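Dropping the structure in here first, questions after.
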Amino acid sequence: MTKTDQVVAGSAVEEVEVRGHIIDSLLLPKILDRVLQMGGQFEIKKCEIGTRRVDPSHAVIAIRASSPERLREIIGDLLQHGAVPVHTEDARTVAADLPGCFPDGFYSTTNERTEVRIAGRWVEVADQEMDCGIVVDPAAGTARCVAMADVEVGMPIVVGYAGVRVMPSQRARGETVFGFMSSEVSSEKPKAIRQAAVADAIRETREAGKKVLLVGGPAIVHTGSAGHVARLIREGWIHVLFAGNALATHDIEQALYGTSLGVSLSRGEPIEHGHEHHLRAINTIRRLGGIKAAVERGVLRSGIMYECIRHGVEVVLAGSVRDDGPLPEVISDMLAAQAAMRRAIRGVGFALCIATTLHSIATGNLLPAWVKMACVDINPATITKLNDRGSFQTIGIVTDVEPFLRELAEDLCGS
Amino acid sequence: MTKTDQVVAGSAVEEVEVRGHIIDSLLLPKILDRVLQMGGQFEIKKCEIGTRRVDPSHAVIAIRASSPERLREIIGDLLQHGAVPVHTEDARTVAADLPGCFPDGFYSTTNERTEVRIAGRWVEVADQEMDCGIVVDPAAGTARCVAMADVEVGMPIVVGYAGVRVMPSQRARGETVFGFMSSEVSSEKPKAIRQAAVADAIRETREAGKKVLLVGGPAIVHTGSAGHVARLIREGWIHVLFAGNALATHDIEQALYGTSLGVSLSRGEPIEHGHEHHLRAINTIRRLGGIKAAVERGVLRSGIMYECIRHGVEVVLAGSVRDDGPLPEVISDMLAAQAAMRRAIRGVGFALCIATTLHSIATGNLLPAWVKMACVDINPATITKLNDRGSFQTIGIVTDVEPFLRELAEDLCGS
Amino acid sequence: MTKTDQVVAGSAVEEVEVRGHIIDSLLLPKILDRVLQMGGQFEIKKCEIGTRRVDPSHAVIAIRASSPERLREIIGDLLQHGAVPVHTEDARTVAADLPGCFPDGFYSTTNERTEVRIAGRWVEVADQEMDCGIVVDPAAGTARCVAMADVEVGMPIVVGYAGVRVMPSQRARGETVFGFMSSEVSSEKPKAIRQAAVADAIRETREAGKKVLLVGGPAIVHTGSAGHVARLIREGWIHVLFAGNALATHDIEQALYGTSLGVSLSRGEPIEHGHEHHLRAINTIRRLGGIKAAVERGVLRSGIMYECIRHGVEVVLAGSVRDDGPLPEVISDMLAAQAAMRRAIRGVGFALCIATTLHSIATGNLLPAWVKMACVDINPATITKLNDRGSFQTIGIVTDVEPFLRELAEDLCGS
Amino acid sequence: MTKTDQVVAGSAVEEVEVRGHIIDSLLLPKILDRVLQMGGQFEIKKCEIGTRRVDPSHAVIAIRASSPERLREIIGDLLQHGAVPVHTEDARTVAADLPGCFPDGFYSTTNERTEVRIAGRWVEVADQEMDCGIVVDPAAGTARCVAMADVEVGMPIVVGYAGVRVMPSQRARGETVFGFMSSEVSSEKPKAIRQAAVADAIRETREAGKKVLLVGGPAIVHTGSAGHVARLIREGWIHVLFAGNALATHDIEQALYGTSLGVSLSRGEPIEHGHEHHLRAINTIRRLGGIKAAVERGVLRSGIMYECIRHGVEVVLAGSVRDDGPLPEVISDMLAAQAAMRRAIRGVGFALCIATTLHSIATGNLLPAWVKMACVDINPATITKLNDRGSFQTIGIVTDVEPFLRELAEDLCGS
């Protein structure tokens, strides 16, 4: 392996091995994944796969990193996923120097079954508990987990990763692979990064000459975000819009009356006759013959629908059984609406779905798997639903619509 | 009432009356509320209250507005809450001029039982349905609801509010007043206004020489918002901090390692050994003797805790049973923690609670009702819980923590 | 008032008074409400309403209860809402006999501004905090809140309600009445009672010769509840069904293949080819010419749709843009679907909406306010949305669909 | 492999192959998983793993099933995950016989890139869309997706799985394995099965001589479920209880007053003085010297705490900063509480967590990975949080607490 394009001068290498149902139980993919995530490289030196479920497998993998320190970090991490260095040594300990504190570099436990090597023998750690240290009794040849607050001065505490090995739980018969996974729908994730990823995807899509599709629900208007979307359209970032009667109605209601479902967007409080405004907005547009006619006649002079018409955005408004009116451009027949959507998605390279379960699922049904979708909703259940229905290319972002769109507009259009 | 400071020249007045269980069923408070909300004034001319539950009440109220147009709007709105003008006329109709459209100024229905006056007689509207118009058959002396799409040219459609009256449902025996109310926990509300209200409350509190209390959960750090809070502290907007071991730990973890619970805040992905970082952060601080010592020794040089110590913010870190470590400043005894919080809330004029149910409820338990709290959480259930536990002075804001805090910092500190 | 049908022998009476903006700030309705809730009766002896917003009002109310004990409880409760007995006395205290404990009958504080009467003078209680007791210093003529754990032996603690008065916060200018209210969407409520209320409503509706409408989403089938609904239909409790393509498809998928969206309902795990089954189910029904034809030909032999056809339930299946197929009976044109729903709701006396936002809102749009709806969903957001859209007659039940329907079926059909 | 215990008479075998980054991209584990899930067996005949990330891999797998029909189903499923039969043939088509319907046995598409073999050549399918059929133009040698409603009589539609191959999207560089997975936190899953799994786990734990740990929040009492838990304890199914002051207080409040946080559990409505009851309950128990003393003196005669004391259940009540009182048995020092929990989990074989985030996370922190936890909560966010904090052994059940516990009690104790 002296001559590969991957090897850089000064790199460090160490071999680890894994045993068990390493493919079936995802051990091997997980380990390879971690190596790449941590910036290392791998080479599979040996991979004997058990032919049947009961047969164990065995793999030896060479791990390479840019520095010995980096390599040590990677090996330390792999340890916790069940990989063991091929050449092992005894666990190292350092005596605790302060009460209630570990020495620097202490080994931090997981909740998986763990063994440490003491005088050449592998010994199971007692009282296994996550986020503890390991204290060794060299005389008795035993080891146990100890919580930070319980550390006493002089206790021999394991430091570093040498001489420690972890046995990850094997999944039980009948369990599927997919019970183990970490969640994708938490709201406790850094949001700024995902917003930037959406902006990048939109830029790349436009540069590649593909179309950007926005699929939007009325919460865009209710949350005061119509201006951000209008700006994105005006500056050429949106090329196709899928929505329903509600988005268009409340957008027009806001343009005509300054309210959305009767809530004043500048005052944030329900206002008088509020619930009538959306109906009066629909009636006004119907009397004029449609949204396009209302723009041409100068009645509709701002908002999402206005910008769509001014900038040639392809719009499909699909009806639903809860619609009032509806607006003349809304397609009331569902087969006709699907056909219009099928035509409009040709050439779409990226779909951004905002706060609409119905239209997002409808769009996910039509798009091929290689067109990415990003789905933004404050309710994690919406994203869970989309994923469960097979739209696996979806990136879910659990966040508030208004700040997301404001930043997206600032990112793409300048602030 | 000829000479009050409330009366303006050119104002318009009209009297309405209400009948039924007008206090008990909230009709009267609702009507007075609407008048004020819509910018009008009222004078109760007569108010006969039934002495027992079975006895009906009767009130006559003079409504005053700045212009006849405004007055008409208010009367139109009150109509839908059961008030009826003292002097009534027949309903006015206009023949529909376009198919599928109402004439301008059409009366827009609610789903409450409605009557129209035809030739001096009050007639119940058939097929009652919200968001429709009313078509009258003058010959038969009948009226019914008609959907917009079903309007045919020539149909006589009711316009304006004259000659229409609404009978709001009386609540059934045993129902409480509070089953009628609109929700406070929707995420579909304009957010910018509420954020501005919080900024104003903080400004007013500081100007009044009172203290601003921040009650925060670790999601402040996980969502990448620690910098916003640090800035607010640095610029003197926060004077007391209530939190737990987790907020302080992850803040320090981020200052020392750039991660929060092992998630890189600049990359947004879990990183190697991530879950260890928080434990190493705690151990480091314990080895130094505490957060204050870590700042003094120059080990801790950024973040929320750093700024608190540099700017003399009063901090109470209350422990919990899920804590690792904990940090030396964390108060492990709950009675001691409550006592410390009691001392620290003296002089607090406003409390901002961010993404923590436990500490928000604990704070709500201690604050008197006249100290306002604003509670920000992406999960509506948290705010519902706070309200249900009796902290009625809470303003709930269902939104994402990071953009909320970013904007708050920009609003108060400049962008 | 000696001779009313409401007065029972041995009843007790006491008069309380309220001052302030008692109508506008909901004090009076709240107090009347509490009296009735607690089983008492009231008689309004005097009610002077301020004519303008700035004018204070004043009411005197006689409270009557079945026993002096009951009356004392009611008066104690009203106290906390700002009512004060007309004839007051000094606050009574008892010396604490055990450390960390209040004497029996201690006055339990709210977080509202409170005063106690000491030697004929009303004194404000210091350190106001909820869920505390009040300790009096008779010498100094002062009083303050004390937490249970801080009670020392000998402290004079206020007991009973006499000599205590509470000043509820007046709402600030511009706030609406509806910011004060307790939540309707909590999941932390006793569920059994609400389920029983739905069962009663269904029984009463059938007895009154009215129709019961079920509005259902596909989660009925996904959660394994189709059998419960089938049973309700078979035994004559459901007369109209509103749903979409999804409910019917997954119900038929289950009848034909035993899966719902590819999840085996007896095994709870996704099964092979699962996602195809719903498409094959639709195709099978289309090939036969419809659901009715499939029942007649003996292909469809169980499930919700089967029972509907066998028992003459009126079904309206309204399409949506996300539909596959759709089934032949699904109405693809939205105006036609609304028209069919309008026809079918005639004679409906109660609507039960299960796990569908779209169809529930569509139904809420059509029903008059006096037809009660109960809306069952595990997601509080659905119920919040329905309420915000003006369907105030809705009873929201945040619970799991399957157990709710199982119990409803057992309640109505026997277990 | 002619003689293994896995081979059954009459079994059928076929070989498939997979190419690409089959370990790294999870193709191979997924395929092996599906085979087992569908009741088949596999034997890896050949597995050449690329040594570096850029090197492709290749595997040949023999699939065995109990019947040719079953084998066909399995092969059909694997196809959609990227496996291709080693011996291929042309795609078979059948002419559509009815408009808007596919022929029986039609190939149902996914949204992944798909090819069909026409006259020996693999041809990419145009207009890729999920839940469609494939129509072939044999003359032009092309194929495209067609929606069911668009099928015309005579169109040649692909049937069966032969001659079809699918290219699942390869994940992009930098994406982690765990972006692909299906959700674990949906509320749209059959619940009965999971409840049964919990009952089984409890039975097995008791039979194995291990202890069952219940970790519970106050919603157990608020939702009216205390009786179910009391029954489980009485009949010996619960051996350790971890909870806080709130669960114990509201349980005792209910036993003494029939309310929980002031909500009458038999009437479902807030009652008079409700919020005081929990404080009076605490005071009563403190005056008696503790829960145990209250049971011995005959004051506390029902509920969860009563049964715990009567049946020797080991109870750890850990305090929190929001506690009122607290009850004498509550451990106010968090380090002492953790130490008590550590002692009590020895011998625990199964942990059932109900409606408490705080105590569930605290317990998850202490338990080794091989002790299973089931976590029941109506809020998916709670389960997401637990999983994200590393308690991977958790089975999450998003459901309503009351029916879950009622059924569990009926399942274990008889109905």
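By letter and in written order, the chains are A, B, C and D; residue numbering begins at 1 in each of them.
Operating definition for what follows: a residue touches a chain if its C-beta (ideal position, glycine included) is under 8 Å from a C-beta of that chain, and two chains touch if they have at least 3 such contacts.
Keep in mind that what you see is a predicted model, and the values were worked out from it rather than measured.
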item	value
Rotation in the CA alignment of chain B with chain C, degrees, nearest 5	180
Chain pair with more C-beta contacts, A-D versus B-D	A-D
Chain of greatest Cα-centre distance to chain D	B
Rounded Å distance between chain A and chain D, as computed from the means of their C-alpha atoms	20
Chain A-chain B separation of Cα centroids, rounded to whole Å	30
Chain centre separation (chain B, chain D; CA means) in Å	36
Contacts with two or more other chains, residues of chain A listed in rising order	37, 110, 130-131, 149, 176, 182, 187-188, 269-270, 275, 324, 326, 335, 338, 365, 379, 381, 388, 390
Pairwise touch network: line, ring, star, complete, or other	complete
Parts of chain A lying in touch with chain D, wherever the complex brings them together	4, 6, 23-24, 26, 28-30, 32-33, 36-37, 41-45, 47, 49-53, 110-113, 127-131, 147, 149, 168-169, 176-188, 335, 338, 342, 365-370, 380-381, 384-385, 387-388, 390-393
Chain C contact footprint on chain A (complex, rising order)	176, 244, 261, 269-270, 275, 318-324, 326, 332-335, 337-338, 341, 357-359, 361-362, 365, 379, 381, 388-390
Residue numbers on chain A that touch chain B, as the complex places them	34, 37-38, 73-74, 76-77, 98, 100-102, 104, 106, 108, 110, 130-131, 148-149, 182, 187-194, 219, 222-224, 263, 265-273, 275-276, 279-280, 282-284, 286-287, 324-326, 378-379, 398-400, 402-404, 406-407
